[in-house]
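Which chain is which? They are A, B, C, D and E, in the order written, and residues in each are numbered from 1.
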Amino acid sequence: MIRPPLPRWLALPAAFAAIFLAVPLVAMLVRVPWSRFPALLATSSSLDALWLSLRTCVASTAVCLVLGLPLAVVLSRSHGRLATAGRLLASLPMVLPPVVAGLALLVALGRRAWLGSRLSLLGVDLAFTTAAVVVAQTFVAMPYLVVTVEGALRSAQDDFDVVAATLGASPTTVLGRVTLPLAAPAIASGTALAFARALGEFGATLTFAGSLQGTTRTLPLEVYLVRETDTDAAIALSVVLVAIAVVLVAVTAVLGRRQQVRR
Amino acid sequence: MSTVLVDAAVASRGVALELAVPSGSVMAVVGPNGSGKTTLLHLVAGLLRPTEGLVRVGDLVLSDARRVAPTHRRRVALLTQRSALFPHLSVLDNVAFAPRAAGATREAARERAVAELTGVGCEALAGRAAHELSGGQAQRVAIARALAGDPRVVLLDEPMVGLDIGAAAELRGILADRLRGRTSLLVTHEALDVWTIADRVAVIGGGRVLETGPADDLLVRPTSHFLAQLGGLTLLAGVGRGGDLELADGRHVQGLSDEAQPLHEGRPGLAGIPPEAVSLHLEPPGGSPRNALPAVVQSLEPRGPVVRVLLDVGEQRLAADVTSQSVAGMGLGPGSAVWAVVKAVQVRLYGR
Amino acid sequence: APTSGAAPPPPARLVVFAAASLSDAYGSLGRTFEAEHPGVTVVFSFDGSSTLVDQLTSGAPADVFASADQANMDKATAANLLSGAPALFATNTLTLIVPAGNPAGITGLDSSLAGKKLVVCADGVPCGSATTTLAKQLGVTLKPVSEETKVTDVRAKVETGQADAGIVYVTDAKSSGSKVDTIPITGADTVRNNYLVGVVATSKQAALASAFVSLVTGPEGRTALAAAGFATP
Amino acid sequence: MIRPPLPRWLALPAAFAAIFLAVPLVAMLVRVPWSRFPALLATSSSLDALWLSLRTCVASTAVCLVLGLPLAVVLSRSHGRLATAGRLLASLPMVLPPVVAGLALLVALGRRAWLGSRLSLLGVDLAFTTAAVVVAQTFVAMPYLVVTVEGALRSAQDDFDVVAATLGASPTTVLGRVTLPLAAPAIASGTALAFARALGEFGATLTFAGSLQGTTRTLPLEVYLVRETDTDAAIALSVVLVAIAVVLVAVTAVLGRRQQVRR
Amino acid sequence: MSTVLVDAAVASRGVALELAVPSGSVMAVVGPNGSGKTTLLHLVAGLLRPTEGLVRVGDLVLSDARRVAPTHRRRVALLTQRSALFPHLSVLDNVAFAPRAAGATREAARERAVAELTGVGCEALAGRAAHELSGGQAQRVAIARALAGDPRVVLLDEPMVGLDIGAAAELRGILADRLRGRTSLLVTHEALDVWTIADRVAVIGGGRVLETGPADDLLVRPTSHFLAQLGGLTLLAGVGRGGDLELADGRHVQGLSDEAQPLHEGRPGLAGIPPEAVSLHLEPPGGSPRNALPAVVQSLEPRGPVVRVLLDVGEQRLAADVTSQSVAGMGLGPGSAVWAVVKAVQVRLYGR
């Protein structure tokens, strides 16, 4: 079926938006000292940072999915005061400047803090460990997943869940076989958002987890540190972040396409 | 036991329904648009909370004003007007959904799904996506999907809607066969559905159950305007004999055998005779009509422009709609002996 | 502990919290220290001095703390975060930088700045406080278009030509290399920014930490710091 | 109609997620020196920063809508290479550490840069102006709007646009009266995300626009500066950011509720 | 001029359709599920690109294999099987949508919407949201919405689907009235729709247009199995006279007047007579049947279990379906003079 076309004039602001987003990225690529690139990347600190970033981002994205997806589903079906409060809570960390988010984590989960000291007694010591990086990334990234998925679930107009229930599907089955698969595009984009936010996360990590090579110094922190002495090198390392993002989005696109085909 | 008992009101919809569906019987639900048919089905499916009263299946109270047992625990399949096939699953997986949800292995579920698809003549579509079906195909697949879950109660909300005559007839046969002995509620606007598929009818109007009873009785003696409008068919029961239906008194009724539910030799069957097709003669006529049955007028009932004449034909009832001029011209009254004449091509013979 | 990205701590793992501007100098000193103390690994956490103090206050497990200014070190000592008195190991002075080639024709903290885009550090951060003091001493009124929170940001703006001039530490001017021209400020050495280092009170290896402090304040430390552009006391 | 309930076990991870998000925020609130709060807020620098933040965020959110919404719509209906590239482009700025985003803007739109120098000739000088803040905020915030809305539009399964076209609606009418209204929940959450990201934006602004009271020093920059000398005061100012976010989300919720009712 | 001309193939669906709908005429489209009826409508609406051939309305080529004029410029309203009311608009605003899109002011559009809603008996629902309607109500609103845009071509894909008999009859009257003189394509499975609403019929099967012609002709002489199955009604034309239909030769046909399109005194009208209701007699019979018309057998055509006998009745055609035994028993052949007898209650009289 031929869908009605989009208005032609829409191309103008869309193109302008695309150019606006593209120009700084292109400028950055032009600025990279490509000759020094391999050498920069091959330093142990860069490689450590890259590897740490990948590990922590995968971990924090997984935590975002495991915890954030349930929260999004519950919020999308809740009404009233508590639901509004929940939605509020889920989006607040986005608005905090990352450094403040890090401070908040520090005063909540730091060794001297109320909760942190109790966790310490249990032998759980987060501060300045890789786990702290994952906590910081999760805290700032989860809201993006929750808000995206919740919005999509709430605007879904269909009764497929009702149909599934009449076919004997338990709530868990409905969720797993109907609700979530139908929201797959939104979940994919929410996950990509969360991963991206975690990958670029810097202020909260620095403040809450510190910047120890191989343990808490992720790629953005490495970029930050390198910039103290060499702006161009910092830009070069950032390109690695961009490259990871490209791969990530490409994978999401392929998965999305596959989903599209099944429909 | 899966007797369905509804005695529930939904205040916001102006609906207060009281109805019992005996275990194993198929109840047709008829009534004008907005009368509450879908509401009734939703009450049984647990998709609506009664503001008063209760819904019971067997000994279990499934809904009352305080508690509503969840839909998925009711084993109540609901086939909606829209087929609502899952867009992210293939036709096969759509049909395999209920068995899978009930815990069947993937293989067993698919096997069952293929069987159900075959039952509705859609086995060739198993690999398609839902949006690749035409409206009629989708509806047939939806029926297969609803039946694949072996539900205790089957709810069907105008399942024939959107099917062409051929496909509808085929499905009618399938439903008659598959629903037999299964507690079901079938919303329909078609008289034919009522008397080929259902045992009982409930007539709903203005949010109330106006009348309910055996399908045969209500179709023979429709007491509501709506039922009459449905076109109550008179049914004569008998046994298949040489392609005709043999009545208890040995007389034969000729007609066309239904393709989906043909009459079989020596097996019980029905002749469906539309009252307007029956003409009354004082003498047995010559000519093309092959069915001329001696009858005694039992009662006369004016219905708008026509008069419904109820006849006794060998201890069975037959209705004839004739104009009041005919009644006057022939001097008919209770006790008159007449010949009920009906053309063979207007009689349809069904195996039961 | 549920997770700890690092392997179980080796026999000796010295954690040094240091101001980010020290990353180059301390990086090489760390390698020297590891060479002198086999089996010891030096791990740095580089960040702004105030962040590091916050982290130490929250119980961060560090052995050595090096601050880029007096104020933050005072905060740390006031909170009893250090054992003993901190040692001054380097100083930094301010200088004026302009984009390479000096397109705006700046000659110093004088009338050549009129109508030009000058970027400085904000009052409150170490380099900004120093800038304010210096300007007061020199009797000039600065009209900056931006008061940056980090000296690195001042540098970046001059390097890219976004600003016509900036006041930064000489160490920053040095790391910018050929991307900027340096215009020394006469009398700048009267306002010094002090770098102090001390052993963290909660350190479980105070002896090793003291050894690192000695290295920093000793001749090897001086050489390394001087190479990065610091003045050493 | 009673929708099938959610699985009960879902409450567990959802509650855990909510607690995880709530604890740092609560800890922060506890830490705020409430007695000093009015005095802190009443300083001219705080008020200037607050007012500047509000102005710039409203402006950048408006730009995000005007440019980002068209981009989202176009992307949601595009296929093939170009579309994948566009989607990639739209999400890349999210992954850049904010400081790097600021650097990228600097090398693209700075006075010396290829584009910036040409803009200068036209008399447009962004450097150190409030406009530069809006540019920085728009650059980092727009992707959140684009990704959210595009995902929702792409997962919409309905043919309402086709129906509208058969009723004679031009593409523009279809867009304005059908497609966008139906995506209203996603647009609302995308806009909230973008506003939130702009409100919390810090690194890119600092790097690209600078930090001058009343002109470019937004609330997060003020927080960052205050923290150099007084951590508690910084946390107190952050609470103002949180308060704005609360109001924002509350408004979105009310609008969302009204939308819900109309359906 | 809005003659619709379709001569287009869609390879992927195995469809190649050739059809012309004269300007101002209502073309009924009938055929089994999956035969390509919806595909035909989509081709006209510009929702499908022909892989070969073209679609023309008036002098304008709207689609060919290279170019497809956009749907919104075609002024072609499509009423789908699912009512698809906009969920974010009230019933009133749904109906006002097309006038608004055409540039009417809000007030004018709403006024028009109210008028259209009144036309389908839904004016009381104007303030409701789409999801607060029952299936039947939603369908009626959708019809009002499609008509509110004054389209050049109206496409209706099984619009009666899901309506009860009463509502369907009402709508049939509305559509017959509103579509008259408007180029339309009406997909239906109901013979009654065809001959009360349409001027012409196209029979589609297996992706091809099998036959097309005036509705009356094709219903009288159905040449395809499908049309026959639809239940071709014989139509006799005449003039209303004293409640009966008076034929050209002065004979009267008695029947029941249709409520939605009643026969008026002195105005042209039609009698719809189902062939299976017509019995043939060698002598004029006594009894209830009020209509006995002298006729001459023109041809005999075996159709499965019955024989269709085509009769000449006062220069008009009448069909009678009788069993082959009757034909044999009466010794019928072309030229035989017979009495065609049909009960008044099986005849429906329509004003035209």
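Everything that follows uses one rule, which is that contacts are C-beta pairs under 8 Å (C-beta built on N, C-alpha and C of every residue); 3 or more make two chains touch, one makes a residue touch a chain.
The structure presented is a predicted model; accordingly, all values stated were derived computationally and were not measured.
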Could you name all chains that are in contact with subunit A and with subunit C at the same time?
D
Which chain's mean C-alpha position is the greatest distance from subunit B's?
C
Could you work out how far the Cα centre of subunit B sits from that of subunit D, in whole Å?
58
Express in whole angstrom the distance between the two chain centres, defined as the mean CA positions of subunit B and subunit E.
26
Between subunit A and subunit D, tell me the centre distance in angstrom, where each centre is the average of that chain's C-alpha atoms.
15
In subunit B, the residues touching two or more other chains are 47, 70-72, 87
Shared interface positions of subunit A, touching two or more other chains
1, 4-5, 99, 103, 107, 113, 157-159, 162, 164-165, 169-171, 174, 182, 184, 224, 227, 231, 263
Got the subunit C residues that touch at least 2 other chains?
54, 156
What are all the chain pairs that meet the touch criterion?
A-B, A-C, A-D, A-E, B-D, B-E, C-D, D-E
Subunit A partner, complex, touching residues on subunit C are 1-6, 15, 17, 20-21, 23-24, 43-47, 51, 54-55, 57-61, 152, 155-156, 159, 175-176, 179
Residues of subunit E touching subunit D in the complex:
45, 47, 70-72, 75-78, 80, 84, 86-88, 97-98, 100-102, 129, 131, 145-146, 149, 151, 155
List of subunit A residues in touch with subunit B within their complex:
158-160, 162-171, 173-174, 177-178, 181-182, 184, 259, 262-263
Residue numbers of subunit D touching subunit C in their complex, please.
103, 106-107, 110-113, 127-128, 206-207, 209-213, 216-217, 221, 224-229, 231
Subunit D residues touching subunit A in their complex are 1, 3-14, 16-18, 20-28, 30-31, 66-71, 73-75, 77, 84, 86-101, 103-105, 107-109, 113-115, 138-139, 142-144, 146-148, 150-152, 154-159, 161-162, 164-165, 169-172, 174-175, 182-186, 188-190, 192-193, 196-197, 199-203, 220, 223-224, 227, 231, 234-235, 238, 241-242, 244-246, 248-250, 253, 256, 263
